[in-house]
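Please find one structure pasted underneath; my questions will follow.
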Amino acid sequence: MALTTDNRSPTPPLLFAKRRRRLLVGRRGIAASVLSSAIILGAIVAVFWLAPGGATVRYFFFNPHQMWVAFVGNPAKGLSSVGVGLITNVWMCLVSEVLVLFFGLLIAWVRLSQSPVLYPFRVLSAMYTDVFRGIPILLVIFMVGFGLPELNIGFLSTQSPAVYGCAALTITYSAYVAEVFRAGVYSVPHGQLLAARSLGLTHTSTMRRVILPQAIRTVIPPLLNDFISLQKDTALVSLLGVIEATRAAQIYASSEFNFSGYVVASILFLLLTIPMTRFTDHLIARDRSKRLAGV
Amino acid sequence: MRSVRLVLAGVLGSSVLIGTLLTSGVAQGASTASALKACTTSIAAHEYAKGKLTVATDTPVYTPWFVNNKPSNAQGYESAVVYAIAKVLGVKSSNVKWVVEPFNSSYVPGTKKFDFDINEISYTADRAKAVTFSVSYYNVQQSIVALKTNPIVTKHSASQLKTYLYGDQIGTTGLAYININIKPTKTARVYSTLDEAVAALQSKQIDAIVIDTPSGQYMASAQILDKNKKAIATQVGQFPSVGEHYGLLFQKGSSLVGCINTAISTLTSNGTLAQLQKKWLGIYTSVPVIKP
Amino acid sequence: MEVVLELDDVVKRFGDNEVLRGVSLQLHRHEVVCLIGASGSGKSTLLRCANMLETIDAGSISLFGQSLEDDRIDPDLVRQHIGMVFQSFNLFPHLSVLENILIGPVHALKRRHSDVREEAMELLGRIGLQERANDYPDRLSGGQQQRVAIVRSLAMQPALLLLDEVTSALDPTLVGEVLDLLSDLAHSGTTMLIATHEMNFARDVANQVAYLDNGVLVEKGTPDEIFTNPRHESTRSFLERVR
C-alpha cells in the first residue's frame, strides 16, 4: 500500500462533540460548576448535621463556648491557653527554619565539593542525610531532649526543652533541605557549568556565582513545602514538656473531656499554613507561566 | 402486780428493741451478704465478656500497686484487691482477664472494652461526668519526689514550694494539685507519660514531681537510680489529704458497679482491705507531712 | 607563526565508544581552522578536550608548548586562556548582559570592576548592543545572545577561541549576524578553532579546513583543496550530502 494520508472515506468526518460534552462548554459550563459545587457542599453539610452522631460530633469537636475557653485558657483551673501556646510554635518554627536553611546549604555545599581535602566531610555529609532522613523525628526529639541532659556535658545538658526541640527539628530538617538544595543544583542545565568553567572560574566560584543562585530559585517551592511541614512538626516538641498549642489543647481535653480545643489548635495552624501554601502555589504558577511563555 | 407488769413490759420492750436492732444489724449484714450472693449469680450477665471479669490497667505498671509489671500474679496492692473482689463475687481467679488501657484514655467518655479499670485513678467530679467510679478502695495523699541534691529537700515551706519548677503527667491529680494547691510561679511542665516526667527529673530539667505517696516512695527508693544502682531521689514529704481517693473506673452507667461496690464494702467491713494495705502499702505511711 | 595549540595522536573514549581515534592537529597564532564533519564525528569532543573540560585517554595536547597532561597544570588557569562558545549560548540567566561579560574578568582574573566595565561596554558597542547592557538574556533574540556569548569569551582576552557549532541552534535569519562577527574577528587576527556546518562561511574565512569522520581526521587542507578537490572518498561523499 502506498504511503499516503489519503485513505479516508469520501464523506467528511464528524467533528461535533458529544451532546454531554457540549453541556460543559461556555455558560452552560459555569452553571455546571455551580451546580456541582452546591451538591458537594450540601452533602458535606448534610453529613455533619444530619448524620446520627452529628450532634455529638458538634458538641465534642465544634462547641463554640468550649472552643473559646480553650483558646483563652483558664489558669485557675490549670488550663493553658491554646492561643498563647501557638506563639511558642511560631517562634520555634522561625528559629529552626533559619538554622535549617543555613545548615542545609552547608551540608549540600560539602556534598558537592570536589576538593580531596574535604573527602571525609563528603562521606560524613552523605551519612548525615541518610541517617536523619531515616529516623522518625519523634525519636530524634526524644534522644536529644531526654538524652542530652542525661549526659551531663556542660552547657549542652542544661538547656530548656524548647531549645532541645528546636535542635531536634533543625537536625532532622537540615537533612531534607540539604537534599533539596542538591537536587536543585543537579537540575541546573549542564551547559551552565560548562560555560562557567570555560571562562576559567574555579569550582567554588562557579558554584557560588552561577550554579547556586539558579538552583536556589528553582527549589523555592519545595523549600516552602518543608517550611510548612516544619511549622506543623513544632507540635511534637510538646513531648519534652513544652506547653505549646497542641499540648494546651490536650490539657483542655483531659480536664474537660471535650475535644474542641483540638479544633481550635487546628484552625490556628491552618491560619499560619494556608497563606504559605497559597503563596507557594502562586510562585509555582508564576514560574510556570514564565517558562511556558515562549512556547 | 402493776410494777411487775411494768418491768416485764420494759424487759419485753427493750428486748424487742435490742432484738430488732440486732437482727436489723444482722439483717443488714445479711442483706449485704444476700446482695453479694445475688451478685455471684447475676454478675455473669453484666460482664463485658460473659464468663470473664475483664480488668484493665496500664503498661508498664509499678510497685507497690503491681509487681514485675504482671497484673495476673496477684501481687501488689491493686492486683490483690482485684483478686479479692473476684473471690467474694465467686469469680474464679482463672476467669479474671487483664487488658491494657493507657491512663490518659481511661477516664474519657465512651464505650469501654472492659468491666472496670484499676490504675490509681482518683475520683474527680469532672471525671465522674464522663465515667462511673466505684466507692473508694484507697484514700490518697499526694507527695513530692525530687533528687537528693535539689534544694527542695531542705527548703519546702509553703512560700518556698512556689518557687520550684514542677513537672507531671498530663491529666493527673498530681498535676492538678500542683496547679490548684501549690500554685508555683513557673508554669509546670506537662508530659505525656509519667516515664517522661521521671526522665526529666533525672536529668535535672525539673525540680520535683507530685505523685501519690505510695508511688512516690517506690519511685524514690527503687526506681530513680544512678548508674551504680544507687537511689538518687528522695520523697521529700506528703501533703495533707484533700479527700482524694482511688476508685475503680467503669463505663458511665455500667450495670456492674452495684455489685462491685457491694464487694468493696464487704472487703472494707471484714478488714481485708486494711490487711492488704498493711501488707503492700504499710511502710509508706511514715512519710512526713508538709503543707502547701 | 608559533603554535598555539597542538593535538598529538589524541584518543578519547566514552566507555566502550572510541570518539577520537588518534587525532593530530596544529593551530598557529592568528590562524582560523574550521572543523567539518557529520554529527557524532567527534568535533565537540575535540574542542572540549582542548580546554580540559574532558580528559584524554592517550596522546597529548599542548598549549604554547606546555603539555596539558602535566600534573602541575591548573585547568582553571588553562581555561582562562582559552575561550569557548557553545551551540546553546549558555548565558547566565540570573545575570544581566553586562554582568555576564564581567563575571569572568572580575572573579576569575581578579581584575578591578571599574576597569573591566569600560572594556565590556566597548565590546558591547562593537556588536551594537550597548543599550541592552542591563537587560537579562531572556529578552534578547538568539542571534543577540550568541553574539553576547562570543563577547563574553573575548572579555577574558584569550589566546584562542573554540567555537562549537555556534550557529546551529539559530533561526536562519539570525545566523548571518553571528557569522559576520566571527568574520570580523578572523580578519582582526583572532586565533580560532571552529566546528561548523556552514560550508560557505568556512570557505570564506578559514585558513585551514579539517574533515573528521568517526573520530579520525581524514583530511586537512586549505578551503580550496578541501572543497574543490577533496582527495578522500569519505570527504567527497560528505561534501555531496551537505551541498
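Just so it is clear, A, B and C label the chains in written order, and each chain counts residues from 1 on its own.
Convention: a residue touches a chain if its C-beta (ideal position, glycine included) is under 8 Å from a C-beta of that chain, and two chains touch if they have at least 3 such contacts.
Quick caveat, the model's predicted, so the values are computed rather than measured.
Asks: By label order, what chains touch chain A and chain C together?
Replies: Touches both chain A and chain C: nothing.
Asks: Suppose every chain is reduced to the average of its Cα atoms; which one is closest to the average of all protein Cα atoms?
Replies: A
Asks: Would you mind pulling out the distance in Å between where the CA atoms of chain A average out and where those of chain B do?
Replies: 46
Asks: Where the CA atoms of chain B average out and where those of chain C average out, how many Å apart are those spots?
Replies: Distance between chain centres, rounded to whole Å: 90 Å.
Asks: Taking the touch rule as given, give the residues of chain A at its contact with chain B in the complex, in rising order.
Replies: Those residues of chain A that touch chain B are 75-78, 80, 146, 149-150, 157-158, 161, 238-243, 247, 250-251, 253-257.
Asks: Show me the residue ranges of chain A that touch chain C in the complex, using the header's touch definition.
Replies: 189, 191-192, 194-202, 205, 209-210, 213-214, 217
Asks: How about chain B: which of its residues touch chain A in the complex?
Replies: The contact residues of chain B facing chain A are 104, 108-109, 126-127, 129-130, 167, 170-171, 175-176, 178-180, 187, 189-192, 196-197, 199-200, 202-206.
Asks: Can you check the complex and tell me which residues of chain C touch chain A?
Replies: Residue list for chain C touching chain A: 48, 51, 53, 76-84, 86, 88, 90-94, 103-104, 107-109, 149, 152-153, 156.
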